[in-house]
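Below you'll find a set of structures to go through.
One chain, chain A, links the two complexes that follow: it is found with chain B in the first and with chain C in the second.
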Partner chain A sequence: MIYNTGIIFSWISFGLLIFLFFKNKHIYTEILVRLNLFIQIFLFCLLEIGLFLNDFSVSYIANYSAKSTPPLYKFASLWGSLDGSILLWNLCLSLFMYIYLKLYKDNSSDIDIKIFSLIMIFFVGYTVFSSSPFAGCIELAVVGCSNSTILPFQELVISNIGRGPNPLLQNHPLMAIHPPMLYVGYVGMTMPFVAATSRLYSKSDDTNAWVEVAEKTTYIPWLFLTIGITLGAAWSYEVLGWGGYWAWDPVENVSFIPWLLATAFLHSAKIQKSQNTLLNWNYILVGLMFLSTIFGTFVTRSGVLISVHAFSNGNIGTYLLFGMLFFGFIFIFIGSKNIEYFSKSKKIENWFGKSGFFVYNNIFLFSSALVIFIGTIFPLIYETLYNRQITIGRSYYDILVGPLLLILLGLMIFSVKLPIKNINIEKWIEENNILVNSSLILSIFILFYLNNSYILIFTVIISVLLIVITFSNFYKNYRNKKTNTSYWTGQIAHLGIGIFALGIIFNVSQSYSTEKEINSFEEFNFNNQTFFVYDSIEESLPEKNIIKLPISNGSNTKFTSLNIFKNSSQQAISSPAVFRTFLNDIYITVKFIDESSYKLIVRNNYGIFIMWIGLFISSISFLPRLRKYEK
Partner chain B sequence: MKKNFIVVLLGIGLIIYASTIIASRNTIYYYTTSETSNIEISKNERIKLGGFVVEDSISKDAGFTIFTITDGNKDIEIVFDGFIPDLFQENMGVILDGVFEDDAFFADDMLVKHDNEYVSSDGETYNVENYSE
Partner chain C sequence: MKNKYLTIFLLVLLMILPSIFPDNESRYEEWSKSLLCPVCQGETIYDSPSEYADDMGAVLLEQINNGMTDDEIYSFWVSRYGERIITNPINQNLEILIIPLVLISIFILLFVRKLYAKK
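Take a look at the complex of A and B:
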């Protein structure tokens, strides 16, 4: 039932989009876009209903959900694996197409909706022709389904229990929110791409309307990407017990690349609007933003991470690669139509004035994105050329990205007030005399207690200066209603990043860890504190067994736990016990349990709470923008 | 316009060149399990060995973790003594650092290749009875 309806409606959706792309009558546009949104919402609900009804005749449900899966994770299973996540992807795309139609549509032509529908045809086409989340199960595995069909009205077999979602993904409610946030961010990057290409395709004048729309439409996905990346980091640290929050893992890298590019674009768009410069560069950034999101999906979903050779097995890789080439071609074609317009871009005159600083900002953000991109694909290229497997060490990113981000941090200090003409550094120091001196004193005070290194000293001084200057500016001028609200958005984001940088450098330079072997009812010392270990408690839930180990530091008792999931492969996931103070976390995870003796990993992680505060502040940087809309 | 274009291209070229150089200095090479039968490894030579953890092969013995990894063609038994990353699980790609001793590989360092796709083979080796209750 769900299988037939789902597949047929996917086809209807596909046909509708084709019609939307080829039709000429203007009046149908809105109806079709609405209809498309309704179908996608319907498909989404349909699969959710299937998940809750345990309809194991649908291959996806049999493989990624189980009877015993708790409701929240059943709900989240929809985006737990590739096929389902494309369904969510399509829903987001339709939603953005509708928002675009309502708020940003160029009324002179329908070309923007046509480009939008072309992009949707591409993604919906995948679920129609290649691999559908509604595919019916035609061959059973011991648990779940091993072979499926995407044609309707076939004879199906029904698995009786379901394999359940990846244990990693059913450990905490954060998992239910983190991927959709990232998706909204990814998919949203389609809007600026459509805005730029469509408006430049039918361009008749020299206005910068396209960049205004592109900037507005970039901000929302940018915000969601920021929140999504933050939640991902929080999830891996607070819940999964990896002890880390960022590992320069390819999966993380590909979410960071669009973020860096979008950040660069949000800055350089401002310069284009006020000074009519960097026209071509902005166009390139918009295109790369969009292509990098497809690239991200390609890297995470095609299997190339495991081995380049895994790539030929799945067809999603080829499909996405083709999509990247195709949309890249459209992008270049429309760009080349506008060479004359781009050549009207004004030259940058003041290299140490406002526009100069924005150019540096773009250079460093773009370079970081490029470096991360190379780091991500290097092992793939290497394996293709030499047929040898390699991975890239973390030091690659520390050497290259670290300094770039540090320079960016330094540039932010000047963002508070930038003159159009070249900045006079002597005058600047004179004006900010008190602030500079007090930050230096504050930095020395902070550094006094820490194990020092050059990079730590630099980072602390720069970030403290950034925090102090931004904060005092905020305090003095926020009531001034004349200032542009997007200025305050920027300032709040910068303040957050300053605090974040301080936290991260504490974390990188001060943390340490050790391994303890201990029995029940014994105590151990760590970081001048005594911790007491009780006996473990076993708890049995329908979907998993939890072994909880209470640990007390005298005033608080926290649990570190091992979650052992049933039905899925034998895998235990540990959750940490975190004793948090403002400056540091004592972070305890259990490695393994043997009767009543335990092996614990005890970490002293500095600066995590400060990092979360910084990221939180950056995430709420949209607040001043709301103020504008209220008026 | 043309001048700027050349400067930008040169800049990008420079970044690509620098990152490639640094990347190749920071690579972690590893052998697949099949490759080990073709190469000469002297005794006590530390190498890195990569492969996927075979299902149902993980066991604990006297503080060591013992499991088997494979690249699809050849299985090698691993005796591991060290920090086990939390991500460590069956079917997971791992890179181990250690030495060969007879036919087993003694490792004390592990790197997990983390992928957000749930890797599961044909489902044949899922044994429900063992894991539910």
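Take a look at the complex of A and C:
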């Protein structure tokens, strides 16, 4: 039932989009876009219903859900693997198409909706021709389904117990929110792409209109991308007993690349609007933002790279690669039609004034994206060219991206007040001397307690200076109604990043760990504190067994646990016990040797709470923007 | 507080701090952050809580306590697991560092030249 309806409605959606793309008249556009949105919502609900009814005749449900899966994770199973996540992708895409139509449509032609529907044809086409989340199961595996059909009205077999989602995905509610946030961010990048290509294709008279719309439409996906990445980091640290938050894993990298490009664009669009420069560069950025999201999906889903996040599925890799080339071609074609317009882009005259600083911002953000991109595909290149398998780990990024991000941090200090003409650094120091000196004194106090290296010192000085100057600027000028809202959005984001940088450098430079072998009812010392270990407790839920070990530091008792999922052959997942103070976390995970003896990994992680505060402040940087809509 | 010389003094003081409080990461930590745990989907043995990573760590610790040189440790692990065990391949393959640096420089050069207004 769900299988047939799902496949037929996917076809209807596909046909409707084809019609939307080829139709000549202006009429019916809104009705068709709305209809398309309804069909996608319907398909989404249909698969959710299937998940909740345990309809195991649908191959996807049999493979990624189980009868014992708790409701929240059943709901989240929809995006737990490739085919379902493309369905969510399509839903977001049709939603954005509708939003675009309502708010940003260029009224002189239908070309923007046509480009939008072309992009959507590409993604809906995948579920129609290649691999559908509604595909029916025609061959059973030991658990779940091993072969499926995308044709409707076939004879199906029904597996009686589902395989259940990946244990990593059903370990914590955060996991239900983190992927959709990223999807909204990824898919939203389609809007600026459509805005730029369509408006330049039809060449409306207001030549900078495209960049205004592109900027407005970038902000929302950018925000979701920020929140999505933050949640991912929080989840991996707070929930997985891994102790880290960012591993420069390929999949993390490909979410960071569009973020860096979008951040660059949000800055350079301002310069284009006020000074009519960087026209061609902004166009390139918008194109790369969109293509990098497809590239990201390609890397995640094609199985070309090894990663915690990767799940591969047959031919999606080639399909996405084709899509990237195809949309890249459209992008270059429309760009080349506008060479004359781009050549009107003004040169930069004040390299130490506002426009100069925005150019540096773009140079370093783009370079970071470039370095991360190269680091991500290096192993692929080595394997194809030299048949050598190499791993690009943390040190590559520390050496190359670290300094770039540090320079960016330094640039933010000047963003508080940038003159159009060149800045006079001597005068600047004189004007801000009290703040500079107090920042340096503060830095010395902080550094007094730490192991020191030069990179640490520079980071501390720069981030403290950034925090102090931004903060005092808030104190002095926030009431001033003349400054616009996007300025304060930027300042809040910068303040958050300054605090975040301080946290990260503490964490990287000061954290250490040790291992303790211990029995029940014994105590151990760590970081001048005494911890007492109780006896382990076993708990059995329908979908998993949990072994918990209570640990007390005298005032608090926390649990570290091991989750063993019944439907999965994969390794057990451990959760940490975290004793948090403002400066450091004592972070304990356990390995069970036998019933009453354990091996504890005890970490002293500095700066985590400070990092979360910084990221939180950056995430709420949209608040001043809301003021605009109150009027 | 408002004094240029104070600023300079404070900066100098900050720059000599590392010699007063040196940073010493142990060799074991450095190496365990560089070795990939082959069964753990992209985690180093420092990060991974698995048994396998533990065993590798024990071997590594013994090597360091026996005073093996970095080159010896490197060839030991590479001969057993292949190059991909090293997550920090830069020392042996400098091109991994040079290629991105060259590309960034080309990008910056082109970018600035394109925007530079001739007087």
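As a convention for this text, the second predicted complex is superposed on the first by the 619 of 631 C-alpha atoms of A that agree within 3 Å, B and C clash if a C-alpha of one lies under 4 Å from a C-alpha of the other, contacts with A are read in each partner's own complex, and residues count from 1 in each chain.
FYI, a contact is a pair of C-beta atoms (placed from the backbone, for glycine too) under 8 Å apart; a residue touches a chain by one contact, two chains touch by 3 or more.
Since the structure is predicted, the reported quantities are computational estimates derived from the model, not experimental observations.
Visitor: Sticking to the clash and touch definitions up top, decide whether chain B and chain C on chain A clash or fit.
Guide: clash
Visitor: A:Asn422 in the overlay: touching chain B, chain C, both, or neither? Say first, second, both or neither.
Guide: After superposing on A, A:Asn422 lies clear of both chain B and chain C.
Visitor: Where does A:Leu370 make contact in the superposed view: on chain B (first), on chain C (second), on both, or on neither?
Guide: Both: A:Leu370 reaches chain B and chain C.
Visitor: Quick check on the superposed pair: does A:Tyr396 touch chain B, chain C, both, or neither? Answer first, second, both or neither.
Guide: After superposition on chain A, A:Tyr396 lies in contact with both partners, chain B and chain C.
Visitor: Which of the two partners, first being chain B and second being chain C, lies in contact with A:Gln529: first, second, both, or neither?
Guide: In the superposition, A:Gln529 touches no partner, neither chain B nor chain C.
Visitor: After the superposition on A, what does A:Thr277 contact: first (chain B), second (chain C), both or neither?
Guide: second
Visitor: Check the residue A:Ser443 against both partner chains and state whether it touches chain B (first), chain C (second), both, or neither.
Guide: In the superposition, A:Ser443 contacts chain C only.
Visitor: Check the residue A:Ser520 against both partner chains and state whether it touches chain B (first), chain C (second), both, or neither.
Guide: neither
Visitor: Could you say whether A:Ile461 touches chain B, chain C, both of them, or neither, answering first, second, both or neither?
Guide: Only chain C is touched by A:Ile461; chain B is not.
Visitor: Check whether A:Glu349 is in contact with chain B, with chain C, with both or with neither, and answer first, second, both or neither.
Guide: second
Visitor: Indicate the residue numbers of chain A shared between its chain B interface and its chain C interface, in ascending order.
Guide: 241-243, 247, 249, 306, 363, 367, 370-371, 374-375, 378-379, 388-393, 395-396, 399-400, 571, 574, 589, 591, 601
Visitor: If we count contacts the way the header does, which residues on chain A are in touch with chain B in the complex?
Guide: 64, 80-82, 141-144, 146, 161, 163, 165-166, 168-169, 240-243, 247, 249, 251, 300-301, 303, 305-306, 343, 345, 363, 367, 370-371, 374-375, 378-379, 382, 388-393, 395-396, 399-400, 515, 565-571, 573-574, 589, 591-592, 594, 601
Visitor: Okay, in this complex, where on chain B does chain A touch?
Guide: Going through chain B, the ones touching chain A are 1, 11-12, 15-16, 18-20, 22-24, 26-30, 32, 50, 55-56, 58, 60, 83-87, 89-91, 93, 95, 111, 113-120, 122-128, 130-133.
Visitor: Going by the contact rule set out above, which residues of chain A touch chain C in the complex?
Guide: The touching residues are 241-244, 247, 249-250, 277-278, 281, 306-308, 347-349, 359, 362-363, 366-367, 370-371, 374-375, 378-379, 388-396, 399-400, 429-430, 433-434, 436-438, 440-441, 443-444, 447-448, 450-454, 456-457, 461, 509, 512, 571, 574, 589, 591, 601.
Visitor: Show which residues of chain C lie in contact with chain A when the two form their complex.
Guide: For this pair, the touching residues of chain C are 1-4, 6-7, 10-11, 13-15, 17-18, 20-24, 29, 33-34, 36, 41-44, 47-51, 82-90, 93, 96-97, 99-101, 103-104, 107-108, 111-112, 115-117.
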